[in-house]
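Dropping the structures in below, format is structure tokens.
There are two complexes below, and they share chain A, which is joined by chain B in the first and by chain C in the second.
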Partner chain A sequence: MRILLLSLLLWSSSAFAQDDHGYSARARHLLEVAAGETETSFFSLAAKIHLGRDLPRAYSILDSMERDRSMGGRFYAYTLIGTYLHTRDMLPDSLKRKVREAFRVRMMYRGDTENHWVMYYTGLYLAAQTWPNEDGTRWFNGKTSEENFREAEGWLNHWMTITSTIGQGEFDSPTYMTVFVSPMFVLYEFAQNPLMKTRAQAMLDLLLADFAAEQLDGAYCGGHSRDYPDDIINPLAAPATRVAWLFFGQPKEEKWDEARYRPRNRGSWETVFAALGSYRLPEIIYRMATDRTVPYVHTETKRVRNIIRFGDVRNPPVYKYTYMTADYALGSLQGGILQPIQQHTWDVTFKSEKPNNTLFMLHPFFSGRELAMFFPEEIKFLAGEVDRYHLVYTNPNKWNSSSPFEQTLQHKNALIVLYNILPGEKHPHVDGFFPKSLDERIVDGSGWIFCRAGDTYIAFHPLKPFEWIEEDVNWRLRSHDLKNGAVVEVGSAASHGTFEDFKAAIRSTKLRFDDFDRSLTVEYVTSGGDHLRFTYGGKRLVNNRPVDFRAYRLFNGPFMQADVGSGVITLRYKEKTRTLDFPKGTILGN
Partner chain B sequence: MLALGACLLASSTGRGQDETTYMSVLSSRKHRLNASDNPVVGLYVSKDRGMTWEHRGWREYIRVFYTEAGPDGILWSACGNGVLRSADGGMTWRISTGWEITEVLKVHVSPTNPETAFGATAYGIIRTTDSGKSWCAMTRGFHRTFTSDLCVDRARPAHILAASEEGVYESEDNGNTWKLGTLRGIVVNVIAQHPLNEREFFAGTEDNGLFRSTNGGKSWHVSKTSLSRMTIYALAFDPSSPSTVFAGTYGSGVYRSVDGGTTWLQKDQGLQILDVHSLVVLQGRPSVVLAGTLNGGLYRSIDGGDHWTFNSQEEAQVWGLSTTRVK
Partner chain C sequence: MSSILVWLSFLLTVSEFGGDSRPPIHASNPKRTFAAVYLVRGSVSGSHTGNFGVFTRNGNDTTWTFVNPSSIIAFGLGYFERVSTRRHYIAAGNGVHRSTDGGTTWRILTSWHTMEILGVVPDPYDSALIYAATPWGMYRTTDDGATWELKDKGTKRWFVQQLHMDLRDRSTLYAVMEDDLYRTTDGGESWTPVNVGGTYPQVVAQHPVDPSFLCVGFGDGSIRCSMDDGRSWKRAGEVRGEAIYALRFSPDGTSLLAAGWRTGVWRSLDRGTSWAQIWDNPAVEGVFDVAVDPDNSRHLIIATDGQGVYESLDEGRTWSRAGLMGAKVKRIEFYP
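== the complex of A and B ==
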């Protein structure tokens, strides 16, 4: 009873917690635009019905979509029940019966990724809650309502626990974050169990705070577990930008028809479930997302997706480092295979009115054995299969990759990335992405490449000879040496003055890698005087002190703190705090 | 009824039996992986020696890897969603496992007790002793838990061998505890027991070809033939001629031995796709052999593997094949 009352109290207060900051207007606009979409989805349909637009046609579309088998089961499960629960008061009884019947006649595949399971079990939880006390003949999987409810509840609680203790597996994905938050919006809205409702709210706070601390003007910055090439090279095209726009008001204007702002996938309307619901962003998270007055370091521990073979640890830790300023962010993962297929290890993301506001480097690696670490199908068969769906996995020019031959060291605004590619590797080169939208790109006689994008300055020093390859939106820096790497330092007008000042400061830094092929070691003293020494496969030293990844907390930075294993995450902004306590199932503070 | 999994075989050789064959189709190159409108995936059943097939159960993509019938007629499917169980020949199904069990690659019913079944999963061996009402993870003793196949010893049913990325794990107590036994350091894909000689086992590996044991799995010797460095996905014995063994390979089609595995000949005439993931030999003479390929559908031979013709499931991954005979 105490938890119930507390949860209800917190829920009711949260609905009014946010100074609107334009949220209501954006939510209305989102629903209007979604309702006018010609391409059908459950999201646009929910918006249409909610706004009462052309209801006979909307019902007809819902009827056909309910029978549509082209959508995978887990996507279908939560979007169908979400649409149903948001609109059921307006649906004719015949359609209600058809939706109910869909959960009997159609097998829903659970999928094989974290986001799949979040969608599937959210859908199953709410469906079993909606139609209780029915026997197994009434459900696609032969289980009773009670069995389905308990199973879904069990997994959702398990997921929330591991996410709040050892970190998310599909973490910080500009593409996939929407399919984590969207089911949580629905779960928060309709879970009748007050504890589950509070936990869903806490998950939303956690996922959105995680994003807020690492977003810059709508772009999810730094390293990502999974992302698609189109989103990597054009960060504001990613679905996460829609979340930023809706909740943070960034970027300021959502130009729905401009390619730059359109999600890669026109069907990415998951935020409609937010706009239809009552979740309101806590003020503290809004401030975290939008206050960039003081540069800061934010670190995180995440986890590798379940390793099912060729590894002794199921979920090794991922260490993430992000340096955030008002103009740019430099962020990185430690390198290595942390996620299959779609890893994005590091980048500079800068504020810009132009597209492709990012710069990064990678080694395009692929192997059946890598995939077999994460997927149970046959090793020699997997690479070709993944290529069928992700299209670029084996492509030497791809812009996403996890490579076992890549390692990073980052300290604030400087990063060293090193590669030690095995002879015989299928793609024996590294590639750097330099967008054409940069205002300047200068190959300096000092060996540095200086770039400017507005008030952001980037210095990039390749360790080995390279060539430029011109492509549609970028220049590709390609280098063919197996032992390779780069040193990157980023600055801005605020920190370095003019671009000329920045260039002069970088030219005067100390960079040593003359014995690199033997030692695999680089030493760099930044323009700010920090001494970085990094040996591939060896020590990472910052100012002569070793970087101790084991000391990384789950979150550590001015806005978020949590210890690994605790399940208690504290959000901070100036004097305000908000504590998400997953073990207790409580949310305390503003 | 008598079930025939990869390691269980009837001694009868007559043709006057009602034989049902089960084909598990994982996916198809023609269709999107996650789509639920794939017309060729799921479980198919044939009652005419693999000539024609009838779909059973779910049309949706559920990542069905393998299906087997128990001696009590219960159907078990190893799927991405867990272990599916049907008591009415595949017309209706129940997912018998919970969220804890996923990506089940094989399921085999105990040869001595139809209430007991084992699953090989990406997370280790699972077991039910109450016909699927409950399942337990049986991973005690495993270092790495990924298993792709298992074989219950017909001579000693408490003795179980499991194919793993680390070699062959063995249990002597019905799966309660395990230890890494033989073929250490070798990725083992499939294990099968000889239909007549219960001391004889075969193991197909990822990179080291075929191994054979003649002492109940205590030791193995490599088949020093053209199979020696191949990837072996499937093994099958001819019920009418137990000295005839078939092996399905990655990239080299089907191999056949007529001397109990001592010598092998490639049998790929007519096979358009040489990645063979599943095999089954049906009752009678001449032998009908079915070969399930990766992205090439199902092939059928009516002359013991000498010639193959495409049967069905165009561009599909025929992941599993099994057969059941009613006496």
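== the complex of A and C ==
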């Protein structure tokens, strides 16, 4: 009896923790909203069937989707099996047979990116598990259930291993993170192998902790591998915000309309698989996401997407630095081509009720050679293809770009970004994004541009002459010098007092770049007294000590620690720890 | 139309293999044209998809029939034939596909260890021996796809754009790589750069009658040829254009055809010394392949980027559209 009572107590304590912070209410709300969607997707279908809403129509939609032979591929593979597994007890046998048939007659094309393969192999793993012992004639790829299961298992384990040892390739993407976590929700829920289930749970913990450490009120801050311009200039419109809202309760209000206006609003509903499932965010990750009482530096090592041409190393390291406060985050990658097409190298993201709560600068670079580093098609052919899919690749006004002519040095709340653009480049300019939603934007006689957004203050010093171009939601700072750059320091009411105090402090800092065209060197002493000296293509010095990227750990900060290559990630909040041990396949701690 | 000859290079390989007997061919099989379609304009692989992958047609029909598997990005084609076995292969974005029943059913032979397959070269004698060109090197299976091994000893880079089997010796293959043309004489166990020169090799072709004559097309639009099995190379005559993606000899070796990015199609009747443009269309930026009917060298088909295929029955004097409009066609082959 005592044991039973103790068990009940533990269970109720656990259940309380799971429901804490409003998660269950938000999950229910998400399902309600998704179930009411008229857009046809497996997510809205799963929500409708789960809630028993308008079942005849839901079945009819599922039936029509099953009849649509033009659908297939990795998105289809994991969403179809996820929907099926979540709803199969309620599906008529005829629909069950059609779902099964889909895995025979549809080409579940694997795609060519990391997120594609996660979706594809998750779908294949669960499908092969669901329909075991069937021969190759029963599968779209001619392989047996056993062959498909082993292949999917092999790649999923490989992906988990490299992600936990050398980092993700498509890391920290406000758009794409949902198509990593969503398959993992399904895998965690339905993998019958206990080890795979635990590894899926550990991957969810890892991906969500990675986000938690760098999120501010729902925005995924700093540099990231890839994203679309709409999400880069308006961080709270990105699908990652739906994840933050569901798990962290930030932002407090979900702006469904912002999700709906997007042509790719698919990314907004993938959290439905979380809401349908049993994964619960560990308390420690919730605290990591929401405690911003003490500013902190968080660094990470990630990896460059697979380089297939024009490189000496297949996955060179990416070094990421983020300084997080209660009001803003300043974050950066080291610069250079780390991802094709959609890279976002650095930004200031600030807490705001208004849209477009970010500020950054870039060089809009494009080349067939860059694409050929990552894609196997012919070089001349590639730029047009990518322009077709990603719409803006060759556009001189684009807001996402990797550039081989951009490098950064960041120390806490200060950043120097330098450009050394090759003569003859097709877009010989750099652009700064200054949102109109800033409360103040002042071009100061000192050469600094002072911005205020609520309690966040931003000082931005262009190194070269510039012009302002007014656009819909922003002012574009454009500068045409090939040797170029900017110095940025960010403060807040908490650190600097009033905006006037901040401006005065910045005006009194020391900034030297008078010989920049020859030396490509900038020296800056921050308002806090830190001495930064940065030479493009040369040394990065902070207080006369060189920055050693090779010393970067996989994660290093108050909330996360891991060494490159170990596969063991420690999450920490005050006295609590949680250890994700991928080699052992265990999760230890709270 | 005479009956089938398999893939031209295989036929010649077989005929010149010392000591080997020529594989019997199904003389009664009607010839079909196969087109590897990369994508159809407006379609995105893996979401709502169009029908792209492999299409086939009989004789000179202009109607193409879709061949399963559906909705794959097809880069290349391969074929194997022996007395009782015919196998079609597709080099695709998701692996090597193989059909043993003329394209009705398919099996993917590769696994997660390989990425896109850019070319597939089955050995003409041993159905279990298959080579695959991939962005991460040349892979070889000796057990019909059950296992694959990366064979990159001696190479300095990973990316293999194209594999070509020597017409005289099936253990000699050429790999068109990022930095050079490489050659193996031991079935891929080790590779040696041939020092072709030029910038970024794209494609290699071998003269069918004089196999010591090789030509390589480059990403800068140039062509270089060797008359001595690759020991020395010199630049061929000028072809106006930005990149060469296709080089093909006619079956009798009298003409060499070249095409690529903003080139149109060119022909040389003197082994690359001089060229004449035989097709051009400003609306078509890219030509990925130009195929010569092995039974009728007057019959040419070109594969374009987004405009389907064009065809000539008079050695390129007149041309007509031949279907697959809107398709980006990567490769054309004539198989049974």
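Here is the rule we go by: the second predicted complex is superposed on the first by the 558 of 590 C-alpha atoms of A that agree within 3 Å, B and C clash if a C-alpha of one lies under 4 Å from a C-alpha of the other, contacts with A are read in each partner's own complex, and residues count from 1 in each chain.
Keep this in mind: a contact is a pair of C-beta atoms (placed from the backbone, for glycine too) under 8 Å apart; a residue touches a chain by one contact, two chains touch by 3 or more.
Here the structure is a predicted model, which means the values were calculated and not measured.
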| request: Based on the superposed arrangement around chain A, label chain B with chain C as either clash or fit. | output: clash
| message | Per the contact definition in the header, classify A:480: touching chain B only (first), chain C only (second), both, or neither. | response | neither
| field | Contacts of A:73 with chain B and chain C, given as first, second, both or neither | value | both
| request: For A:121, decide between first (touching chain B), second (touching chain C), both and neither. | output: both
| said: Quick one: is A:379 in contact with chain B, with chain C, with both, or with neither? Answer first, second, both or neither. | reply: both
| Partner chain in contact with A:155 - chain B first, chain C second, else both or neither | both
| request: With the two complexes superposed on chain A, say which partner A:143 touches: chain B (first), chain C (second), both, or neither. | output: both
| request: Please write out, lowest number first, the residues of chain A touched by both chain B and chain C across the two complexes. | output: 69-73, 75-76, 106-107, 109-112, 117, 121, 136-137, 141-143, 151, 154-155, 158, 308-310, 376-381, 389
| remark: chain B contacts chain A in the complex at 26, 29, 32-37, 58-63, 80-81, 92-95, 98-99, 102-103, 105, 121-123, 143-146, 148, 165, 187, 189, 206, 231, 233, 250-251, 275, 277, 294
| Inside the complex, what are the residues of chain A that reach chain B? | 68-73, 75-76, 106-112, 117, 121, 136-137, 141-143, 151-152, 154-155, 158, 308-312, 376-381, 385, 388-389
| chain C residues touching chain A - in the complex, by the definition given at the top | 38, 44-50, 53, 69-73, 75, 93-95, 105-108, 111-112, 115-116, 118, 135-136, 157-159, 178, 200, 202, 219, 242-243, 245, 261-262, 285-286, 288, 305
| Residues of chain A touching chain C in their complex? | 69-76, 106-107, 109-112, 116-117, 121, 136-137, 140-143, 151, 154-155, 158, 306, 308-310, 314, 376-381, 384, 389
